[in-house]
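Per-chain numbering from 1; labels A, B, C and D assigned in written order.
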Amino acid sequence: MLDKTGIAQRIAKEVKDGYYVNLGIGIPTLVANYVRNDIEVEFQSENGVLGMGPFPFEGEEDADVINAGKQTITTLPGASFFDSALSFSMIRGQHVDLTILGAMEVAENGDIANWKIPGKMVKGMGGAMDLVASAENIIVAMMHTNREGESKLLKRCSLPLTGVGCVKKIVTNLAVVEVTPNGFKLLERAPGVSVEEIQKATEGTLIVEGDIPEMEL
Amino acid sequence: MINKKVDNIQEALEGVTDNMTFLVGGFGLSGIPENAIAELVNLDVKGLTCISNNAGVDDFGLGLLLQKRQIKKMISSYVGENEEFERQMLSGELEVELIPQGTLAERCRAAQAGIPAFYTPAGYGTEVAEGKESREFNGKMYILEQAFKADFAFVKAWKGDEAGNLIFKGTARNFNPVMCGAAKITVAEVEELVPLGALDPNQIHIPGIFVQRILQGERYEKRIEQRTVRQRN
Amino acid sequence: MLDKTGIAQRIAKEVKDGYYVNLGIGIPTLVANYVRNDIEVEFQSENGVLGMGPFPFEGEEDADVINAGKQTITTLPGASFFDSALSFSMIRGQHVDLTILGAMEVAENGDIANWKIPGKMVKGMGGAMDLVASAENIIVAMMHTNREGESKLLKRCSLPLTGVGCVKKIVTNLAVVEVTPNGFKLLERAPGVSVEEIQKATEGTLIVEGDIPEMEL
Amino acid sequence: MINKKVDNIQEALEGVTDNMTFLVGGFGLSGIPENAIAELVNLDVKGLTCISNNAGVDDFGLGLLLQKRQIKKMISSYVGENEEFERQMLSGELEVELIPQGTLAERCRAAQAGIPAFYTPAGYGTEVAEGKESREFNGKMYILEQAFKADFAFVKAWKGDEAGNLIFKGTARNFNPVMCGAAKITVAEVEELVPLGALDPNQIHIPGIFVQRILQGERYEKRIEQRTVRQRN
């Protein structure tokens, strides 16, 4: 079974040479730490920066240079700043190659819910609805089950949706799953996790074809 | 050149009254019009509708207006980090409309550009689409969104000149440029008001035609929300 | 009767302090020469410049600094350059205060035709359709009649329209006319021109109320 | 950084074939992609649809493609100053679609921004509105216009870096920035390709994400169409 760092490590392998990538808050943010350094990748943050680098050294923080998580950041040579309209032109116009974000629920038809729990304080969708409605390549990073042990990979989402039919791949603490027209297709098992355990933790249709390899990190 | 300079924040906010709708620049606490917000607190105008990506924190940004219960309605994409906001929202004192961040930006830009409405995929099939027209283009579904209408836009820039030309810095740019000219009156406060001709005409982010009033901000705190650093090896 | 320079001179008086003005090609371009120099005015050109100055001195022309008529220009302190989308945001978003352009025909309902003569080579509308559809304040600069002596102020336009119900005022070689719900209202006569001459040269409804003053230039 | 640099114009135009649709930057002869146009002449591709504000003059700009009858259709706002264009248009060899200049700019911008369609007042009640949806917003009439779809965008910038970041100069900016990212492949040619990091991230007009290929243009004539000067006193 993977921890959050392991999920980030596994997702980092999905980041290909020449990709522009938007990372959501939480586990997705960690992905940047594990991307191979022999490939060229640029990270976009929807508040208006392309070419983000690491966090600044202490004492070098600039209030005018932050990411969408409001964290102080640095930029790499070749970076650019832009306004919110142009930032979402990048996203809506499908110029960003890969979007990685967290979720509360994903359905086997690719629907995603990650912004609202009725009856609880709702913070808002931020840029998530634009990202999921636009991205051609969306990977969800999340735990396979919620705190109550209930599956987050469902036949149908029960929570208010963020987007419809958009998720392509899910990486959880238990498995890598592809969203297909017939349901969740199991691609890889987390180290030490059996197909049965994954099956048990998956409410939606799980397609298991042949031997399922253990994932390599 | 048409001179847009005003001498103080009181003059900059002349005409502001109760029950108006404002566009307020900034992302989190970055690039917010600190001086305009302070003066809105001072004016004690009530019943405001504020369109801004976020709602500040308890003791800074739009949180200052929330504390004094000056805001009737917030239109934002994300409103965490604010306990007073949460209290007013859950008690029903505060009306909140949450909309996708890109839609917020584009509805400002549409108002600036005289585009009354446009189609976007964001929110299709979700609550956001309720009551809105849905339509297919090239096999994909979109919803119709309309330009904002606002009385004032309060924006903050890095540098500006008397003609109202603006240059923003880093990610403090965010929603500020697209809010310029998206309201009846745009008030720009700048960290540095430079002499006419000091800005390269090629490097101006927002031409003065979109700005009605410009002033040198008196003081900027520029608070950092998430100070995140790495250690030197 | 006015010549083209006179028309430009008279229109210059319509340019008020604090106006952003877009000048069309032809007579409108001349208006800039006659605007009072004790008021603040900025000229916008839809190809992407605000704050145009006079033509450059010989030898100082820059191929990268032109107006919408493709003429080499200079800029004044406080000028700015921008792309075509932002330029038409200024126009469509009604940030430009006054638009002055030429016309082939204007109708008493404010319709304007100035881009196409069926059967003849059509060069295109350029920015004219955006300008007339958006501007709150449009003044047409033209001769009162065409080369055949036919009125250009009509009951209804006969040529393909550029915009509908948009013209507010017309300055011709004979008169200054306001477009009202009831027709063309005669405001001023050109020096030495009688109301009868204007009436004769106007096919549309001409409203003449009281004494019509001679225009001051 | 993702390296977009190509070494020559042949490589920059790889994939160009007959019957494609191109967005071509420039206003008149200002800011046109001179090297891309020269190579299109050289490639002798035919049946092209070109979306460009103007169509060049007889012996420069897109006029060079017209001379070789490579263009099947022009979508422009203004096409004067070109006798060969006129001849082909009147004889029916060349299809011409004239659209308002602001609509041309906005249809490019819509393609860049993933907006499939938007409403504009330009052309309402005229020929331009024929066959298009008309609709009222706030008491004013608008027509629905759609984003362009194109195979290549050819743009010209002043400075650029290997990451594809672009800065334009003066009014040579015009349609170039809004065409970036508005086609499947955007080819940017620049007067000066500068080292990575030489451009101020705050002053980049078009971030490299909108550009697939960038190259240093070999030679620029930068012809002036209307040389207009005043005399020194």
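List of remarks:
Everything that follows uses one rule, which is that a residue touches a chain if its C-beta (ideal position, glycine included) is under 8 Å from a C-beta of that chain, and two chains touch if they have at least 3 such contacts.
Predicted model only: the values in this text are computed from it and were never measured.
Comparing mean CA positions across the assembly, the chain most remote from chain D is A.
Here the CA centre of chain B is 33 Å from the CA centre of chain D. Separating the CA-averaged centres of chain B and chain C is a span of 36 Å. Note: centroid distance chain C to chain D, computed from Cα atoms, is 28 Å. Among the residues of chain D, those in touch with two or more other chains are 106, 109, 113-115, 120-121, 168-170, 201-202. Each of the following residues of chain C touches two or more other chains: 49, 81-82, 85, 88, 91-92, 134. Chain-to-chain contact here is organised irregularly, matching neither a line nor a ring nor a star, and falling short of all pairs touching. Contact between chains, as defined at the top, is found for A-B, A-D, B-C, B-D, C-D. Remark: chain D residues 27-31, 53, 76-80, 86, 89-90, 98-106, 108-109, 120-128, 158, 168-178, 205, 222-232 touch chain C in the complex.
Here chain A touches chain D in the complex through residues 18-20, 40-42, 44, 49-51, 75-82, 85-86, 88-96, 134, going by the rule given at the top.
Across the complex, chain D is touched by residues 106, 110, 113-121, 137-138, 140, 142, 146, 167-170, 201-203 of chain B. Those residues of chain A whose C-beta lies close enough to touch chain B in the complex are 45-49, 54-73, 81-85, 87-88, 91-92, 111, 116, 121-130, 133-134, 160-165.
Of all residues in chain D, those touching chain A in their complex are 1-3, 109, 111-115, 161-163, 165, 181, 196-197, 201-202, 204, 207-210.
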